[in-house]
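Next come two complexes built around subunit A: one with subunit B, the other with subunit C.
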Partner chain A sequence: MNALAAEFSKLKRSLSWAVVVLLPIVLVATGLIMTLIDGRGLEDGWHTLWMRSIVFYGLFPLSVGIAILASLVWRAEHRGSNWNALMAGPTPSLQIIIAKAAVISVLAAIMQVIAVVTTVALGMIGFGLPGFLPPEYLAISLLIILASVPVAVLQSWLSMQMRSFAAPVAVAFLGAGFSAFLLVVGLDAAIFISPYAALSRATQLGTATFADTGDITAGVIAAIIAACLLLSTLLAAANTVVLERADART
Partner chain B sequence: MSAIVVNEFARMRHLHVVLLVAVLFAVVTGIGLYAAVFNPDFDRTSASSWNTLLMGMGSGFTLAAPLLLAVVASRLVDAEHQGGGWLMSATSGVTPGGLCRAKLLALGLLVAGATVLVSAAFAAVGLAVGIDAPWPAGRWLGLTACLLVVSLALLALHVVLAARVENQLVGIGLGLLGAVVALISTAVPTWIAHLTPWGYYALSAAAGYVDGQLAGFAPSYLNIGGLSAVAAAIFALFTRSFDRQEV
Partner chain C sequence: MSFIVESSNLTKAYGGRTVVDGLDLRIPEGSVYGFLGPNGSGKSTTMKMLLSLIRPTGGEVEVLGQPMNRSTRRQLLGSIGSLIESPPGYAHLTGAENMRIVQRLLGLDDAQVDFAVKTVRMHGQMGKRVREYSLGMKQRLGIAMALARQPKLLILDEPTNGLDPAGIEEIRELLRRLADGGVTVMVSSHLLGEVDKTATVLGILSQGRMIFQGTRADLFSAATPDLLIDCSDPRRAQSMLARAHGARLEDTTVRLAGVDSDEATAGVVTGLVAEGIGVHGVRRDEQTLESVFMGLTAGGGL
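For the complex of A and B:
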């Protein structure tokens, strides 16, 4: 628990809020601005609004955003002699890995909350849609938050290994792009191999875009949850083994 | 100067910058060809096929280049922050500004190579498919040159930013934002596209939909030329101010 508290205090004054707040607002607004420019209305009300705002966001910007947060969280450890302090400290490797991934996941969860709030605000105020966002999208948001966890674990690992801030972000961009392509060609099983695919798949749920049929079935939800748990556990375990064997650097 | 540039290439080896530029080539080609070949207007008996390829090339750069150029620039410049390289170079007579110019030149050569390869790959696909209409050489070379100029301007922006702001979050974040701006710029009135450097990818377009019909047109050469002049002036100004700062 101390490790987690330490991670949160390291985030202070780290500019992570800029990513967490700006990224979802800008991306959700972009989806809607494109809609307005194209002159297409929201034929299906809230459903069209969700599709336009969240699906593009889930294709690659969300994964890249998580990658940036992961780089930010690990940045402190790569500076000065902090890496050696980490190696010499008494905190078990597993605790470090879990604390890092947890902090990134919490930030990703806040991002999703802000994305939903922006969507609702734009829908009610900007487009004057009647009612409220259909409740299934709130449930899907929970699934998106869960699907952010394996991406957070993987990016945390990449940012631990690479001292550069930018390189893990490039990996996320490439991985998310390739995963999106796999989903487009209908390779749904990609979600069990690529965390980016699982996250993209969760954002497409119920929208009938890319890999989605438009029906939210228990089977699809179960598959996404299973993929997330499997990938998170495997990646965290592998990451712990690697960190356990890492040594001080001079 | 040439010795410093050679030095930059040596520095790139362990930073995998060449690999990142290869990724840029692969992603731009992948997105672009996907967009072109799956376009319903891609049909090898009509001239519109060349137009879909020209459009695809533009959209590949629009989506992938802003972020990846930021990554490439950040990677090469951040090495100086991490290893105290500014001071070390300054003691051997290379000012921080000079170092930035050398980095832009070295990265620019790589990006230029990647851009030419992308252009050649798209032309090769068109010729291999056997499009009946003649290859639109003028517009093709024009688009390639315009895309390259915009990419170099963005590269200059990111080199300066990565050198100036030590926290690389700022540059990478701007690159991601740039991808969004570049995408929006393809759909907004052209005066808005003029306002940001990323918008100039949209102004480079050599083909597009006019009233629902796919048509070819010339890129906005004059505006892209203006961008290159402004970018060169600002880059020179900033790197000169780096030269006078204490490291």
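For the complex of A and C:
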């Protein structure tokens, strides 16, 4: 798809790369240092490490990170008359929406890889844990990458709509916080309504924290995948309809 | 004559405020259409409606013989180059990288991009980041981005805004070359002088309404120039004609407004001669396009 190739060209010299690299490293490390300051060790080895790094990260920093990436990706379009130029071209609205969401999703995926690498490095070098990260967490990481997609689609929409950089990030922060609360009180169905909830839920898989029972069942995995596909499709379709009808501003 | 752009009763209102009011635009194919009007007269809004960037409140637009609306726009926009308001361009990328994005989005080949860049004489600047460009360079890159698709129609909104006289002349020259090459160009300006010499057809907008549309010659004939009379007793002639024609005295010349036919002119001369005043000169005032324009947009704050 030509629009996708064009979107990737725009990432050159973008600030997005700094976010993609620094945010997961800083947050995973922060999650761990906090628990160390509390004086608790890694009672259950790799599992505890995963819980304190990735699950903590998945509660809200991951969604906020995707929101920052979306705002950065859209910022270039809101400057000058770039938006007019894009909308006065032949690229169909759906392609524009998909290309933007795809770029944000790919950046989010790279961010997840870096988060996992940081976790493994801290485990092996920092804490001298025996062996390697249990393989199920690598599979869960793939699910987290998938669950980043609906958040990317939603944040892309918000950043398209709002010219402000901070407002969509604030929405992600509040949305992720509220979604985490819903999961804590056991409202698992929230994953079908809130992309933030679906993403948080994916990070909690197999850890027996918050909404998770500790068992990785086919049912739970299927529910998360279904929620992601459903939310991504609905949000992208709605965004396209809105873009088709909207007047260009400025 | 076939029209590349045709609108009927094109209207845009925001809330209760009508910004563009019942425009019937007719842009002949192959023309340079100068779209003139004071700032805030609705030029940009009109151009955005022609591109379907914004949807009209009423009326219709036909471009390239097809209705322009949200379901047809993407297909039509492939043959329309445009530059609306400020020039586009991603500031963190180089000129070449910006052109590459356009190339990818529009599926163009290298030759088309090279041609567009050379046309605006930017081939020496493509390695620089757009953030380091001067306004004139940004403007030219923006035009190159619009030109690369080899459009049939080019819509340029105030392309000379903020340019120095040399830059303005260069854009004018470019528009002439494009028109010679068969591209129809619609160019807006709030300064008549900027499009006067390039435009073959003029449309003048004032407070959202089209107050004139036609050729330069049409524009001159739309407004009757003052009658100037030289005679043996200008003072007496002025007082004689003051009531009927609002005659004013300029040095030794009597200036009459609103004498719009040959019969009326002859009548004035007969009257003077009957009073024993010798008439040795009767002529029409030299009129600049500027004064006609100012008269039409009176109070527009140009």
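Methods note: the second predicted complex is superposed on the first by the 249 of 250 C-alpha atoms of A that agree within 3 Å, B and C clash if a C-alpha of one lies under 4 Å from a C-alpha of the other, contacts with A are read in each partner's own complex, and residues count from 1 in each chain.
Just so it is clear, contacts are C-beta pairs under 8 Å (C-beta built on N, C-alpha and C of every residue); 3 or more make two chains touch, one makes a residue touch a chain.
All figures in this text were calculated on a predicted structure; none of them were measured in a lab.
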With the two complexes superposed on chain A, say which partner A:F127 touches: subunit B (first), subunit C (second), both, or neither. neither
Let me test your reading of the model: by the given contact rule, A:I68 touches which partner, first (subunit B), second (subunit C), both or neither? first
So in the superposed three-chain picture, is A:S164 touching just subunit B, just subunit C, both, or none of them (first/second/both/neither)? first
Contacts of A:D38 with subunit B and subunit C, given as first, second, both or neither: first
Name the contact category of A:F192: first (subunit B only), second (subunit C only), both, or neither. neither
Of all residues in subunit A, those that touch subunit B in their complex: 15, 18-19, 22-23, 26-27, 30, 33-34, 37-38, 61, 64-65, 68, 71-72, 163-167, 169-170, 173-174, 177, 181
Looking at the complex, which residues from subunit C come into contact with subunit A? 48, 51, 53-55, 70, 74-75, 77-78, 80, 82-93, 97, 100-101, 104-107, 142, 145
The subunit A residues in contact with subunit C across the complex are 2-3, 5-6, 9-10, 12-14, 76, 79-82, 84-85, 87-93, 244-245, 247-248, 250
Contacting residues of subunit B [partner subunit A, same complex]: 15-16, 20, 23, 27, 30-31, 34, 64, 67-68, 70-72, 74-75, 78, 82, 167-173, 176-177, 179-180, 183-184, 187-188
